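Each of the next two complexes has subunit A plus one more chain, namely subunit B in the first and subunit C in the second.
Showing the complex of A and B:
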């Protein structure tokens, strides 16, 4: 922890000091680029909103990426600092150092990377190493990756290593291979065809030593495989992936031995002014980690893509859906249509209407016999009918968004959402009622001049459950491309507890120049959860001054 | 060269496919007093048995009412003078650790989560008294009901007698647990034996809304007592006997266990209890310190 590996030093020294003539040549024509970000907050205790006293008063998360490229060679590292981690981030992040460093060489059809890398096989159902700064997620693999393209249209990939675990590494070793075949390149007679077909397959195996404390006959090597396809024909695209995982008893599934399965199918159509998407998925016992005892988001070997729209407006994002790896069946349909300019309905500038619907249910689970309860520790867990929906609704979201430029000066975005949210399952609040929420949003922009604009956001959330009704209001003045100033308030006027009918006000200002940005905000942050790609973290209530600085070069 | 690369790749795939362990049932490693080589059975002294009752409290560090529940449990323990054994099970939403900050310590256990689910715990703090099913599908009760429930059973003659001898080696942290159960009546039911580890005086944060007891709303140096740490022989234990067992039969079960280095062995104790396999009701319980 907190120490710089020998390999990092070698990379840095090799990059800085010309050891030999060859090294001097090596440095000629090299380029360095990277980016930095600092997120810091000064905390004030606020009993009313339940913001705890922070002993340090001031907390900071920061990183800097430095990447050196020279022809076929790339090397880099990322310095990270969490002193101490911002509230809501995992406290196991505490510390500073270089958790990510790599060197990569690519020549012709061959590429090798040593050190840390991010990658994914297909849609990620059995392997995805990625980082998401806003969640504090980083499951990069520290090891070796090789990519080979022996023929045109054929790519093989092999990975081997251990995953990052905060400032340590996973106890399990992740091994995997992936093959991708673009048939139109492989078969000459298909080259000119309008129908394009790609197929692929991948295998992953995780090794973790035995754990006598669990008193189970554990599989030490847990393997998963997946097959996928993508067919496109003009404006139509159809893709899918099926994944299978053998017995993988772990903390998330309560140490059951059932196999895991995942299926993801997506069909889309797009042409100018119209986009249609339909996607379905089924996840059954697909938590896959490089530590069977880990019960947080850390050390995920795979990624289960969400089939729900990720909302950005604060009220719409109040009830975000978190993927349930133990089992879910979901569907998403979306139509985006632009009514053409100068038509009767489209007006002078056209009007875009986006309608989106998603629903996620539990999967069907039946007892394996009369005596063993479902999900019982150290058993097969349950049986499941593949095509049968479970009885429990986890999430439903119907939303419609209309975007219309009214005139040269006015632009309007109006949205309506109807959300059903199983707070018991998604946030783990046992016994709490299913949340039914209706949300209306108006977003109006007025341009004084081409550079100066004022944006008004008005949002209203109605629900009889959870914390009751909310109202949100924001006014943002922008002097493009450099300055913005905003005031915002979220008011929980419908909270059933009178003492909690509180205002969450924030004032913010920011300055951007080229690739440098600095932003300050002061105010209250309500307690909630934020999700990116179906992976969520809790955000505790806080009050104080937040500073964000980012820069890239 | 191309074929060499492809062959190499296929070899990797082959190795990975081979790296796959399919486990056949039974999945649970059977325990049951077969660790006598590592842990020779000592001689149990003669003793006089009294009825002992187990109170299993469901709690959580984010549960503001729970310090009051613990206070009631401790007062009852004093009242019954050693005949009441306490265990605090951190489970459910109030026990969820926060990602960071004061409440990030994880008190939960696999066994605790299983009990929380199986006994359909609907509130915190609540407790089970000897796992008696007080009404159809309801085992847990509020603190006001604990005392009358205990009063109703604590005066009964013991049907089983239990003794625990622990032998702990500090250097290796090896713990030999010997549990003797004596049938004080003829029995004709299936009896299970469960062995849990608890720890006292874990100083950590606790939510609190009673300023008479300590700081509100956050009690930084709260002493968490009788905290369930692990189930030695799984949440549901082992079969002690099936069917008829004549009076005066004794069974000794021995377990080898390695104490987690994070736990303070001086504050750890073993709680053993026997229960009816059908009704899950506890027949007798016993407690003894690790050292």
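Showing the complex of A and C:
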């Protein structure tokens, strides 16, 4: 009995329950929906780009989600398959099975979930469980979650469980509680006020048994606290969150006993046609995991968002930034302005200009005394002046993007970016030079008929460091809403090594009907980093045929 | 042994599911999920409504280029759509804490006039079984999901609007 997995029990519940109790009623009101996706690739060896020979030749990642809802009751599971994981995905994903299943019941002010769940407290600085299929990230908690809303404007949440670790679970137990108050709903006097205020607070504790091998006096329960606010008044919005974590020696911080801190502040002003934003953040020793020995992206209890713009054009995404959990200070500013329609500068359809700037530096770190070096194993690590910027630049990005509809037939997006990228710190390539890159992008769309259009992307990246200059070119023909065909080439013509001045060409085609999509592409993929949200993964170079099928129902 | 049992039960379940599907051939409604408004207030998705007129729900993010193209294309004609059919578009941003605070100033800066909501941890996205974005749903006046589509190509908004018009007239769009 002990061996029977919860998933099996749930499935039994699924199938037997409807028959046993008022079978007809249960089925009548119920709905089943889901989605699935298959990503498969056939690999060809390619010595030139350094693509490894894949002994399996063919690799596949796939999942299927099935959710059953009936009134207040919801249950579901996700089957996943990595046989074997696609290149660039964590090898620990290898296998297939049901890593995610849950049942939940929701009535008025009360909600309970058993099994796996995702959630986040505030902006996630001390707790965020989420999934990102394209990166192979899933740190769902397997346990119990309760949510209660006793009065309008008040929500309490409690979570308890262990995190998913590929096909296993975290050694640590994650416990947490969160409270959220929307003051305008709570106080009668405030209801009509233009100023809207939300405040919240959360507490998380991770328990992990002692590890005698480390020969350290370890905290077995690592607690973290966070408080947040959001004030909006008409066109102005101001929000922030501060988090504090007690000493938590782990692999990421080299087992130092310093406490951790994180601060995130954002202010924005916006009206129709103009939006301005300014954000600052400071992260100090905030890696928080449900296994102190884990040194990859897995088993993160919290989420530290990078405050930089996420780029998607291939050349702009060449040097993406990832948060440095051991310490960073940064700011971001953005202005989006639309020159009105039918004005001299705006033209017939108006023109949108977006300017974005971000910079991230190290934090100030000082020795705790004369004899102990900074970050020394088993010590307090370092002292840090909260308001002082560190000397090392991690990242800087200035970019401007102009979007303009020229006529009924032509649309244009033009951008320029200037990026400074500390490849040594961000990618962990010690000794490599700081990359300074200038990037220009032109994206032109021409409509032949209302539903047939051709899009051209031309991108150029100039840098004296790393792999030198690149050029990228893409043509995409679409017949709305079903078909797309594209050809693309990325050419590393400026590589200092003549033998590596290679073309990375790809041809692709896809067909979409409603929420069903099938796409095929053939060609070379360059080695690089892909990021979604705040997380990135390295993708090795590969060559071959890729098939993607996805469907929602 | 355990594996076999699981397999048998799975098969059984599929039978149950397909059986129940057949019997109840009606449209799904929006699941009730707590997400946020752009002002940071909590918002339950079951409150998405439009006085008996059609609703478009579109999942998007600031980092998704095709999503931005879709939003821009619809923005050009949205006023006409609203005048003619009373349709309302709810744009659900799945931007996480990295960029969710940028949603409000960006959409205002671009001058888009949809109803904006934030789903920073993808809870609503998961409940709606969205794989990739952009993913667009069309709801009839009764709040039933009558159509959905993933991806965007220039001109796709024309098909969407044809469907909105049909739904407004009360026509069944699933032949």
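Definition applied: the second predicted complex is superposed on the first by the 534 of 553 C-alpha atoms of A that agree within 3 Å, B and C clash if a C-alpha of one lies under 4 Å from a C-alpha of the other, contacts with A are read in each partner's own complex, and residues count from 1 in each chain.
What we mean here is this: a residue touches a chain if its C-beta (ideal position, glycine included) is under 8 Å from a C-beta of that chain, and two chains touch if they have at least 3 such contacts.
Note that the structure is predicted; figures quoted are calculated from it, not measured.
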{"item": "Clash-or-fit label for the pair subunit B, subunit C on subunit A", "value": "fit"}
{"item": "Touched partner set for A:151, first subunit B, second subunit C, both or neither", "value": "first"}
{"item": "Which of subunit B and subunit C A:506 touches, first, second, both or neither", "value": "neither"}
{"item": "Larger contact residue set on subunit A - subunit B or subunit C", "value": "C"}
{"item": "Which superposed partner A:251 touches (first subunit B, second subunit C, both, neither)", "value": "first"}
{"item": "Included angle at subunit A between vectors to subunit C and subunit B, based on C-alpha centres and rounded to the nearest 10 degrees", "value": "160"}
{"item": "First (subunit B), second (subunit C), both or neither touched by A:495", "value": "neither"}
{"item": "Which of subunit B and subunit C A:392 touches, first, second, both or neither", "value": "neither"}
{"item": "First (subunit B), second (subunit C), both or neither touched by A:373", "value": "first"}
{"item": "Touched partner set for A:217, first subunit B, second subunit C, both or neither", "value": "first"}
{"item": "Which of subunit B and subunit C A:465 touches, first, second, both or neither", "value": "neither"}
{"item": "Per-pair minimum CA distance [subunit C against subunit B, superposed on A] in Å", "value": "19"}
{"item": "Subunit A - residues contacting subunit C, complex", "value": "3-5, 7-8, 11-12, 14-15, 18-19, 27-35, 37, 65-69, 74, 106, 118-120, 123-124, 128, 130-131, 133, 147, 155, 180, 182, 196, 198, 230, 232, 237, 239, 264, 266, 268-277, 279, 303, 305-307, 309-313, 334-338, 349-350, 352, 354, 403, 405, 411, 445, 447, 449-453, 455, 478-481, 483-484, 510, 512, 514-517, 532-534, 550-553"}
{"item": "Subunit A residues touching subunit B - in the complex, by the definition given at the top", "value": "47, 50, 52-54, 85-91, 93, 110, 136, 148, 150-151, 156, 158, 175-177, 179, 203-205, 207, 213-223, 225, 246-247, 249, 251, 254-255, 257, 296, 373, 377-380, 428-431, 537-538, 540"}
{"item": "Footprint of subunit A on subunit B - complex, ascending", "value": "2, 5-6, 9, 12-13, 15-17, 19-23, 25-29, 31, 92-93, 96, 98-102, 104, 110, 113-114, 118, 122, 217-218, 230, 233-235, 258"}
{"item": "Subunit C residues within the subunit A interface of the complex", "value": "2, 5-6, 9-10, 12-13, 16-17, 19-21, 23-24, 28, 31-32, 34, 38-42, 62-65, 72, 76, 96-102, 104-111, 113, 120-123, 126-132, 135, 147-156, 158-159"}
